[in-house]
Structures are given as structure tokens and as C-alpha cells.
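Naming follows writing order (A, B and C), and every chain is counted from residue 1.
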């Protein structure tokens, strides 16, 4: 690649928009609240178990001990396991599934969308057929079939969620690529004979990134809700605690004990809320149209 | 492009899609551990080897995989979705009844979400810092962040047990009640309230936000300023000129999200015992009742395809600028 | 077969007391009314002749009448049979049918229908031991059937009640089209029987409606006009439905909800009924897979499991201990077996003896446990409890989640498991529900609820064969006692507990179905108070 081209790319990736976006983001109150909640949740679930060392699978007290009684802060579940321990350790796997599923979603989505939007023609046609295919199938049903097929474990659940939810990311990427590929600077890059791969990954993708970042952030929330839904239907890994599993397993006891279902529900709610506040904040910060106002 | 040729292309496309859906899902379900003979044997409290073989022979499960697949596809091409292993009934009969219940639930929830969501969004957009605007934001966040089955369970306990104003046993109507059409219709409406509200919470949030954003966008545009400058009444400006444009993204998403709405229906139907396709799909998956499950996927894919087509048409009707086939 | 009747009379005191309690509250219900029952199960069809299980059995016993019915004290009573008698050698039973009994379509019931029904059940029902001993059925006249046996068969009377031998109409089922068998006959979905209620409508997964049979062969019965089964899958929802008075009866109440239901003013909670079903919750071992092929390892695990904790804490004191393969409510039960009460030291010692020493982390070996994916209180919860509990003796247990029945059944029937939780029914007589789990002949790969533990002890086989045909009650009891002692020593299975069929019913209900078959029994005497 020529020096001219490199210089040209440098020029494209100016510092100021990112800094400006960050400034916008931190001046957004609700985004800051979201970020604070999210940081707190990450800290609690990943540092908490180091301090609070109760085994979430151990039967510590009488089943369904109410919160606060006998020194158990959030009470015990239907077997007599400590809910604090369950929520802490369970949070790790729920967040891990959410993050992993979001990575899979976005990776497939960007790859498919980028190739379709950049090459157009038959590539676009073929990839869009595949996308449509995944769009017409009810995602939950397909995910259920996949999880059942490969036995429920955190990995299969994350993959199943990723596989059924990438279509909107793909459509978004495709639309951005179709728009950007016609812009002057892409034409310029092409005119100095930059390779296709380079144009896709180094020229178009960074410029298409803002909406994709927002979509990735939101898909973490969606994935967490999805995991909870699958657990609710009985599709969870029996050897790994997760918030969804806590809700699903304790549901039969809901009339006798509200706490084992409510606390993980609130945890999911807060996490998804935080993620969506962050997503909204990013959206406002990265949306040039709003920035102009 | 002419509308007829768009339609023909769409139909060919749809047929291809449906075939792909059937082939892939048939294979996946076939790969899952266990088969209907084991389910039937299980429900019978055990069976002998000969009986298992007999059940498999009865439903053609003893044939090689590709023969089963081809014969299934051949039958579907002739309009025969097969016979349910589990229920001993033609799949089409099983589904048609349930499809109505699911469509009733899903469409009611969708309409509620669209109308109420747009209304709230528009009101919020007219006064971006007012009480309703904040309410819309909070509602949107809540609806999005709470797991739908969780909302369902809580609403059910709250409004069927703590304050018993809705039926506890769920379902679509009470068979022991009077069966004249008017009482039945009222009974169905009574049974529908909780499931419809639950299902619509997710989308109500979404649409109110979408409507608010696009309304803000439209209200700031030149032609609205022109309309105002012409001295048109504010109500006319907002509800005739601006709304028409603000509703476009809402309609687009409604079509695209139909498949997801069907997903949400699985969870909501499970909690409220709503006799829809979601419940049937879940049950037939658990029982490896392949013909039924495939039939449901076939119908729901078709519903999604039709919904997308209707969305396109609606889009064209609302927005006269789009006349060509360009998306 | 006088000895069998003696067996019935010599039943446990508890069952008799229950029977009397029932008699005491029996009153004349008013005519009419709709009985609403709740169920979580979705039946395939309604013909119990070709399908076992309670989903079909509950409505099936209302639609189809049987020859005999059992009262609350395990006593056989006349039903479609006006009387029955045994030959002196106990190899032939003569049944006299009630005159004038008709099917719902008006056809009279004859001895030919009896013969046809026995043949159909024998050929199609999974419980081969019920009528395997029947050599032929003779029909000297329209109202007389003579059942000839190839060997003595004390379980025959029980096998003629409840959902086990529905009298099905020959004129309907003998008409078979190409590819049709009794199993997939379309009339199974719209059945014609002779029971107290007629089939009206079934909406898959929603409800079943039955209506009064005005031409019922027992005069003045039934009291009810209509029976509706509402299918409600969620247990909490069933509880709320009962509390709100939207239904009148439901069985299989989860222990978690019992206390709440007891507080409801409109309801009565009872753990009477269903004694014949004998559902035993157990932990089964794959006796062909190391280290579970060593009886010491199985015994060690049994010593490490706290059965008392399971009963008191996990089942909230609702369940009763099961110490062996035969349910305590059965007349053949013996408590005189090794019960493996909690003893962790002994458990560790046994594992040491088996050569399984702990490694640096205190782990001796790793193993997996499966569970039947239904009734979480009795299955999943116990499997999850075993994970930390068995860790105490150095076994690292992984719980394998089966999302649905076929996945679990495939693993267990394919002998691809280490340990599994299971729930298996006694079905009244040991011949019907117990033998199948322990005899060598029944090790059949691919068939669930066969001898999936692959346990084989020729001595046990011999004892069971003799017990199955022994007409003398005392001798039969002795044989079954010997069998129970042997298997409790070999321990292919560690039996945990029996959760009774807890019923909850509306206070307005008169004569609720609380017999040995619970609601798998004609509800012709059930009704509402004035």
C-alpha cells in the first residue's frame, strides 16, 4: 500500500469524533447511571465470590428460609442453597453467556452484512436468502431445537442464541456498507487500488461502527433475556448456576416463596436496564445527527 | 417494478424459503436424541421391543433418513402436512385451530403496542421534557428489561389470586360457561386481557420509543415548518402530516418483528395456558412429534412471510414516495 | 380364587381405616352439576386397552366400564360382572355379565366383547404380565365368559379393574381399514364405551368434556351431568385455580403447595387415594458399568444418602420411606430388609474396600446422575441434592440435565448412564409393576422401564417366577419377602420414598374419588352436596 493511501486512512481516523462522542456520553445522565449500575454488577459478580465464599450448590440451611432470617441475607432456595452465593456465581455465567452470545451475534452479523453490502450482486442475493431464512423462523423455537440437540450447557446456549439472533445486525451492517461504499473516500481508496479486504475492514467498517456498537451493546441485554427464557423452559445447564436457572428452578415454589424468583429477576432486570441505558447513551453520542443539535 | 412481478418474485422466494426451513428443521429434529416411539412407550409406562418396532413401522420411522425426508417433502408439496405421531390426527387440523388462538393473541398485542405506543410516543414528542415523555422513557425501559415470562407470572399472581379479577386457570375460554356466541366472545375477551397486556409490554416500550424519536425527527423537518407557516391548526399538523411520516418506521418494524413476537408468544402461552401454536410447538418438540413441529414451523414461517408482504404493501400505501421495488 | 380374596381382606389396617372413614362421610349427593377436574397431562387418546398411564386412564375409566371395581379396602366388587367364581384348581374364572348393559351406541354388551377386550389388551398393552397367563376365553352364552389360565395367576382380579381391562366394543374395533390396528384406530379419539360418562369433546391440550350416560347399567347413577377435565400445565396456576373455585378436584399436589391449599376455606386436602399405584422414587445404578458393578460402591452411596433429609426437608414430611422394591401400602411389603440409614464413615470404608481411594482433592471418582424430566420435586431436586451430598464421601457428581423425556429415555434405555433418578409404579400387584425391573429376561436395550439397571440374579428370577403364580397368600408373601431381602442386599436400586397422591377437592364435593385407584375409577357416585 502506498504512503499516500496510508496517509489518507490516517486522515479518516481523526481523534476528535471519538473524544467528542465520549464527552457526549458522559454528559448524558441516564447513560452514566447505566454505566454505574453495570460496573457495580460486574464488580459484585466477579469480585464478590472472592470475598463471599459460600458454595452456591451447598445445602446450607432449611429450604426456603426467608431473606434475613438465620443470617441468610437473601434467604435460601427450594433445596436450601444460599441465594447470595447463587446470585453472585450465577451472575458470572449469565453475563458470560450474554457477552459470548453478543460476540457471536455481532461477528456473524457483521461478516454476513459486510460481504453482502460490499460485494452486492449474487453474493448479496445468496446471503440475504440465508438471512431471510433465519428471520422467518421463530428464534426461540430454533434455539430450543439447537440446545436440545447438543445438550444444554453454557456453550451450546450461547451458540444457539448467537445463531438465531444475528439477522438484524447483518441487515444493519449491510445497509451501512451499501451507503458508505458509494461515498467519495471509499471511491478514492478504490482508485488507489486498495484490496477489497482492506477496504472492508479498514475503510468502511470503522465508519460503519457507531450503529454496530450500539447494536452490540443492546444484544448483550437481549441475550441475557434469551438465556432466562430458555432456562424458564427447562433448558439450562444443571451444573452451572445462572440467573435464568434460578428463576426457572424456583418457579414451582413461587406461591410459597417469592424471594428465590424475585431476586434473580431483579438482577436480570437491572443488568438489561443498565445495558440498554448504555446503549441509548452510545446511540446519542455516536449519532452525528443528534450531535449537531 | 410492477406490483404483480414483485408479488410473483416474492411467492417464488417464499416457496424456496419454506422448503429450506422444512429440510433443515427435519434434519435437526431427526438428529435430536430419542424418537416418538420412545415417547409413546414412556407415556404407556413401558413397552416391549416388538411394540417399539411396531410403532416405528406404523409411522415409517424404520425407513432410512433420506427416504423419510423425501416422502415428507413430497407430501407437503401435495398439500399434505402429514399425521401427528403423538395425537393421531392430521397435522393441519391440529394447527389450524391453534393458529387462530395465536394470531388472536399476537395481533391484538401488536395492535395494542402499535396504537398505544404511537400515541404515547407522539404525545411525548410534542413535549420532550414533560411528564408523559419521562413516563414513556421509564415504561420503555421497564418493558424491555423485564423478562416476559417473569412479567407474566407476576401479573397472573397479582390479578388472578391477590386481586382475583381475571381467570386463574388461563386458557382461551371457560368451557363450563354459557356457550352462546355473545357470552363466549365476552369470555374470550376476559381471558385475553392478561396475555395480551403481557405480550404487548415488550413492544409497547419499543414502539413508543420509536414513535417518539421519529416524531421528533419529523416535527423538526422543513415541510412541517411550512405547514405551520401556512397557518394550519397544530392538531392537523401533528396528526395528519407529521404522524403519517412518523408511523413509517413503526410499520416496518412491526413486520420484521413478527417472528420474534411468535417467540414471545411461546413464553406467554406457557404461563397463561393459552391454547396457541407456541404451546403446541413446545409440546411437540418435547415429544419429537416431527410432523406437528414442522407443520408449525411451516405455518409460522408463512405467517411471517405474509406479514412482511403486508408490511411492504402498508409501507407503499402510507408513503407514496416509494413506488418502485427498491427496498 | 379364595386366597386372593383373603389377601384383599388381609390388607393393611390403614387401608381399612381409610375405607371406613370414606363410608362415614358418604352421603347422598344431589343430582346434576358439572365436575371440573384439573390435570397437567395431555392424553393421546382415550382407549386404555392400548395405552397405559394416567393421562388416558383418568377419562378412560369414566368412558369404559370394567368387569370389576375395587373399593377403598382393596376388595373387588361387581361392576360389569354381576358375579364371578373360580374353579377349584384356580385355573379358570367364570364371569357372569349384567343383563341389559349397553354400549353408548346402544349395542348390548356380550361375553364376546369381553373375550375381544382381553385379547386386545393382551396383544397391545405394555404390561404383558397382566393377561400373559390367559390361554383362552370361552363364551358359552351371551352373558357368560370363562377365562382359562395356563398357570395360576393371583393378580388377575386386580388386572380386571380401573384402566387395566376396559371392555371395548368388538363391533367397532373389529372393523379395521388398511394400516389400522387397535393402537391407531380412529375410534380411540372418539371412544364408545359403557361407563357412567360418554365422550363429548376433546380439544388437544385444553379440555376434555364428558357427559352423563343416561343409559348407564347401574340404576340411578351417575349423579353428575358433566365432567370437564381442564388441562393446566403450571403447578402454581393449578393451585390458584382451585383456590378461586374454578375447579373441584385435582390430584398430584406438589408438597410445596400443600400448606397453602390447607389454608383455603373452600378446599379439603387429603393424602388418601391411589394406594394401588405405588409410585416409588428411586436412585438406579448401571450395574454393568464400573465402579457401579461393585455392590460395595452401591451400598456406600446408599449409606451416604440421607433418606430422612429427603423426606423431612425436601418433601416437607409429605412422603413416606420406601425401603425396597414393593410399596409399603402393598400387602406383600416387608420392612425386614437392610435400610442403609445415613452413615458416612461406613460409606467411606466401603469405598476404601472397593479400592477407590481419595486423590489429593479428596475425590475418589467422578460420576454422572440423570433424572426423569418431570415432577421436579421428586426427581431434579433430589439429583441436585445428591451432588453436594455425595461429594462428602469423595464422589464428584455431575448432574445431566435432560430437557425432555425422549432425551432421558434414550440415555437410560440405551444403558448410557451411571446413576439415574427414576419414578416407577407398582401397579397394584407385584406381577404387574415390580417383576419387570428385576428379572434377567427383561434386560432389553432401547426399552424404557425394563430392567435398565441390567441387574441379573438367577435366584431372584426363580423366586419371582414362583411368587407370580403362587395362589396361597402366606406362601406368596414369604416368597416376596425373600425377594425383597435379596435385592436390598444386591442393591441395583436404592429406593428412596413414595410421595402419596395428594388430592385437593372442593368442600362441596360428596364422595370424592379417594379409593385405591384415586380418580382412575368410575366417578359414578361422585356429586355435589345439596
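Everything below uses one rule, namely that a contact is a pair of C-beta atoms (placed from the backbone, for glycine too) under 8 Å apart; a residue touches a chain by one contact, two chains touch by 3 or more.
Values in this document were obtained by computation on a predicted structure and should not be read as measured data.
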item	value
Centre-most chain [mean C-alpha coordinates]	B
Per Cα centroids, the chain farthest from subunit C	A
Where subunit A and subunit B are represented by their mean Cα positions, the distance between them in whole Å	23
Distance from subunit C to subunit A - Cα centre to Cα centre, in angstrom	48
Distance from subunit C to subunit B - Cα centre to Cα centre, in angstrom	40
Two or more partner chains touched - positions in subunit A	148, 251, 254-255
Touching two or more other chains - residue numbers and ranges from subunit C	236, 240, 403-404, 407
Shared interface positions of subunit B, touching two or more other chains	32, 153, 157, 270, 285
In the complex with subunit B, residue positions of subunit A that touch it	30, 129, 132-133, 135-142, 144-146, 148-149, 168, 221, 225, 228-229, 232-233, 247, 251, 254-255, 261, 265, 268-270, 272-273, 276-277
Of all residues in subunit C, those that touch subunit B in their complex	34, 36, 38, 42, 44-45, 51-53, 55, 124-128, 179, 181, 183-184, 186, 188-189, 203-207, 209, 226, 228, 230-234, 236-238, 240-241, 243-244, 246-247, 403-407, 409-411, 413, 425, 427, 436, 444, 446-450
Residue ranges of subunit B touching subunit C (in the complex, touch as defined)	32-36, 38-49, 51-52, 54-55, 58, 86-89, 94, 97, 153, 156-157, 160-161, 164, 167-172, 174-176, 270-271, 273, 275, 279-280, 283, 285-288
Complex interface listing, subunit A residues touching subunit C	55, 57-59, 62-63, 78-80, 147-148, 151-152, 234-239, 249, 251-256
Residues of subunit B defined as touching subunit A within the complex	13, 16-17, 20-21, 24-25, 28-29, 31-32, 137, 141-142, 144-150, 153, 157, 256, 259-260, 262-264, 266-267, 270, 281-282, 285, 296-297, 300-301, 304-305
